[in-house]
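So that you can tell them apart, the chains are marked A, B, C and D in the order they are listed, and the count of residues begins at 1 in each.
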Amino acid sequence: MTTIFGICAAILVGLGLYGLIIHPTPLRKILSFNILGSGIFLLFGVIARRGSVDVLAADPVPQALVITGIVVAFSATALGVALALRLNTADQDQENS
Amino acid sequence: MMTVVMAIFTIIMVSLGALFFFAGTVGLLRFPDTLSRLHALTKADNLGLGLIILGLLPQIDWPFGALKLGLVWVLILVAGSAASQIVGRKVYEEDKS
Amino acid sequence: MSISLLFILALTLPVLGIVLMVPAGGRWAREIARGVLLLNLIVAAKITAAVWQAKATLTYASGGWLPPLGIQLRADGLSAAMLLLTAFVALAVGLYAPKDFFVQRGEQETRKSFTFWILFMGVCVGMNVIFLGNDFFNLYVALELVTFAAVPLVCLSGRQSTLEAAFRYLLFALTGSAFYLLGVALLYGAYGTLDIGKLSGVVRPEPALWGAVAFMTVGLAAKTALFPLHLWLPPAHAGAPPAASALLSALVVKGSFFLTVRLWFDTAPEILNPRAGQVLGLMGAGAIVVGGVMALRQERLKLLIAYSTVAQIGYLFLIFPLAEESTALSGGMFQAMSHACAKAAMFLAAGLMAEVAGSDLLVDLRGVGRVLPLTASAFILAAVSLVGVPPTGGFATKWLLLWASFSAQQWWWTVAIFAGGLLAGGYMFRAAAPVFSQGTHVVPGISRLREWVVLILALAALLLGTFPQRPLELLAIGHPESAEVQQ
Amino acid sequence: MSIAPILFSTLAALVVVLAAFAVFGRRHFASVIGFVAFGLLLALVWMILSAPDVALTEAAVGGGVTGALLLCACARWREIQGVPQPPIVLRIAAAGLCAAVTVGLIIVVLSLPSPPPTLATTAWDSLDVTGMGNAVTAVLMAFRALDTMLEKVVLLLALIAVWSFGRDCVWGGRPDLMFLPQKNGPLTFLAKILIPVGVLAGIYLFWVGADKPGGAFAGGALIAAMGLLAIFSGLIRPPSIENLRLRWALVLGILVFLGVGFLGFAMVGDFLAYPSALAKPIIVVIEIAMTLSIAFTLFMLVVGPAEKKP
């Protein structure tokens, strides 16, 4: 199970990175960044699951790191979206003037 | 004995529910226009979800677990019907204009 | 005061500043920030004094939870020196910040008066955690903290070009932190701890370590703007308001560099150096040359200074191939410190000169030196330090690095160091020549305080080189291998 | 023979397909929908990996609120014609690079040591001291509380950054989502039913977080989502960014965290250390303040900077 999702995580990282490099539009770059982030978090999840012991089904430390990471990634997304939208409307301002 | 009966009940109900979900998804993918897709999706999914929840009831602790499951069902019904209302209205308005 | 309280104060004082500023609003932001920056400097000085007296690395585990479960903070010579220097530069920038970053009592709060100071405090928290942190995930949060504060500083003016620069910076920074985090995951997966001290005892040469270090180094290099990942830096640093440029160029890029040092020198020293370091050294040498050549071709003063940052970052990375030499690490950290003072002084001076001249085009700056003599001398002083003329901080840096490359018998780095010095001489002459030429400007209404702040920063860069003994001794604390520095 | 590997492989393949759809999809809107579905499937993966706390956070923050944010952005986005596509050479180079990263990562992941290192036992042994039953919450609120506090600062700083992207002339005004909500439509009906239940569920999530899966993030995100629903259905307007009560609500979580941190110094001698007997009530107090601050911050992050003059 951890092998399957470990490979899945690596593919997500590759996919996200590709979109991040290739997409010309800011929104799609941000979306791809989120896929990249999800891949990294999934890797933490696989590591947490590998670290299970008889009393805990998964190592709680990587899980906590992921929860923190998800919130940080969301903050980054919100920041990126706000900046991209401002750029988008700034383009508009210029075209109108 | 009782647990076996309950397990069989669960298996039948959940399988039936899954069947309805499958039918709904096929409808979503195969039907020609938005309204009929919506029709297939809502009917099959509501019924499918109802059956699955019914099937799970014997497996869960009473009364709070069952209450939560019931709440999930009601909420999804409400949200689903509201969402399809909005989609339907949008389609209707676009057809008119 | 106990060292544990000092550590926590260094982390929480700027946070407290933010927490107070948000409800108090833009009318009080500047006052709160200046208070916090002053206290921050005192705390940093006390931590430095404590490290100096103890002559050893000091640690504190937050909440009493020891690693690997908890997060440890630690201060060795490197962190103490960088902490003190950052607090000093930050206070200078705080005193310099121009009029449009605050509002008089009774006036409406403005966007800049509110956001600038909060973002500034954000940079301070992040930098302090980077210098004191000893846990790679804790350091990740700190890196992101700095990023989220630095990106909006770039486009504070709201102009289209700065928005584009900020977005490009954001993409590089986010991708960089993602790579860093990927490496963190691999480290945890392989060794079950993220504490630098614990890791250094258990790392083995194996794919997991190589992968982790590769991902983390690439990510950090992107954030440090190491050539060829430097493309985002010049427009971002040149477009920001001068006070913000100073923060970004002097301090923010040093944060990710500092983590690279922690990773290579403190986490896995025997395994990685020096052969893997050749790649980083090569990129550093490339940065010195390309940054220098690009700086020579700029028509705008701030862009010229920004390209000079690209070049100066190159020197920092020369320490990786030379890591076995005792002077390399000290030389690199010395470069980080003297460059921080000199670059902050240059950006702030450029800001004042552009305020008077109305633009930062080199042709428009003719004769500015006549109406701003203090600022112009500060600019020259900082430039001389960056070029590396004795007895400035820049000279001490190059001396240490040259010494290291000779004794490591890697003479090829000396070529880059000399070429960089020549190029720096060239572009700094181009920048300074118009300032001291003929030209007429109205006598400006610039406050004396702001001029003096710039001069003090430039003097600090000079003094670092004149009296390098104490700082070098401080830097060696916790790194005994770099103790026997020749002078 | 077990059926599990087949099921897991199918799920993993579905996750990858949805991610590819989100990355390669032609239209923004469809991509975002794909991304939300991806987030929900990922939550399922987290359940399979025995990480229910992460599953809740992923569903609420990763899929839910991020999805809402991206959808709002799509609605406001004005397509600019003639954006050049990257040349084919660059595409191939990028694909090669990404493939190399993926393959390298797979090799490293497969090489991870067995038996794997873990802190699960250490965390379990220290759980009693914290008075909590949920080990993940114990890591977040006790062992690595410093991270959690800094991450609150990150969240707040991101909001200040978003505000700073607004225009000077509208500073102090209200955010505006730029589309007219339908009043008294089906959405309003849904909002009126769902919001009380959702807020209750959010409170429940953080309340049980100490002992069971849940916690401040998932709870706060759910409450924020209810606020967004209220906006979309036209029941409320976003508050002005100068609103003093809003600003206090944003900083409350950090303020309480700092207060408790220094209280730990005074009482136990360590920052963010809790006296054993009081650990649980103290953590509940922090979580109440945090849930409130998280809810407001996430909500304000989605609605964006000020757009209308005060």
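Just so we're on the same page, a contact is a pair of C-beta atoms (placed from the backbone, for glycine too) under 8 Å apart; a residue touches a chain by one contact, two chains touch by 3 or more.
Everything quoted here is computed from the prediction, not taken from an experiment.
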Contact-richer chain pair [A-C vs A-D]: A-D
Whole-Å gap separating subunit A and subunit C, where each centre is the average of the chain's CA atoms: 28
Between subunit A and subunit D, centroid-to-centroid distance (C-alpha), Å: 11
Centroid spacing, where centroids are CA-atom means, of subunit A and subunit B in whole angstrom: 31
Whole-Å separation of chain centres (CA-atom averages), subunit B against subunit C: 57
Per-residue overlap in subunit D, given as positions that touch at least 2 other chains: 105, 109, 112, 116-119, 123, 139, 143-144, 147, 151, 154, 157-158, 161, 165-166
For subunit C, residues that touch 2 or more chains besides their own: 69, 137, 141, 144, 148, 151-152, 155, 163, 182, 186, 189, 192
Contacts with two or more other chains, residues of subunit A listed in rising order: 13, 17, 43, 46-47, 50-51, 61, 65, 68, 72, 75-76, 79, 83-84, 86, 91
Complete list of chain pairs which touch one another: A-C, A-D, B-D, C-D
Footprint of subunit C on subunit D - complex, ascending: 104-105, 107-109, 111-113, 116-119, 122-123, 126, 139, 142-147, 149-151, 153-154, 156-158, 160-161, 163-168, 171-172, 242, 244, 247-248, 250-251, 254-255, 258, 261, 264-265, 268-273
Contacting residues of subunit B [partner subunit D, same complex]: 71, 75, 78-79, 81-83, 85-86, 89
Complex contact set, residues of subunit C against subunit A: 69, 137, 141, 144, 147-148, 151-152, 155, 160, 163-164, 166-167, 170-171, 174-175, 178, 181-182, 185-186, 188-189, 192
Residues on subunit A engaged by subunit C in the complex (per definition of touch): 13, 17, 20, 26, 29, 33, 36-37, 40, 43-44, 46-47, 50-51, 61-62, 65, 68-69, 72, 75-76, 79-80, 83-84, 86-87, 90-91, 94
Interface residues, subunit C side, partner subunit D - complex: 4-5, 8, 11-12, 15-16, 18-19, 22-23, 25, 61-65, 68-71, 108-112, 114-115, 118-119, 122, 125, 129, 137-138, 141-142, 144-145, 148-149, 151-152, 155-156, 158, 163, 182, 186, 189-193, 206-208, 210-212
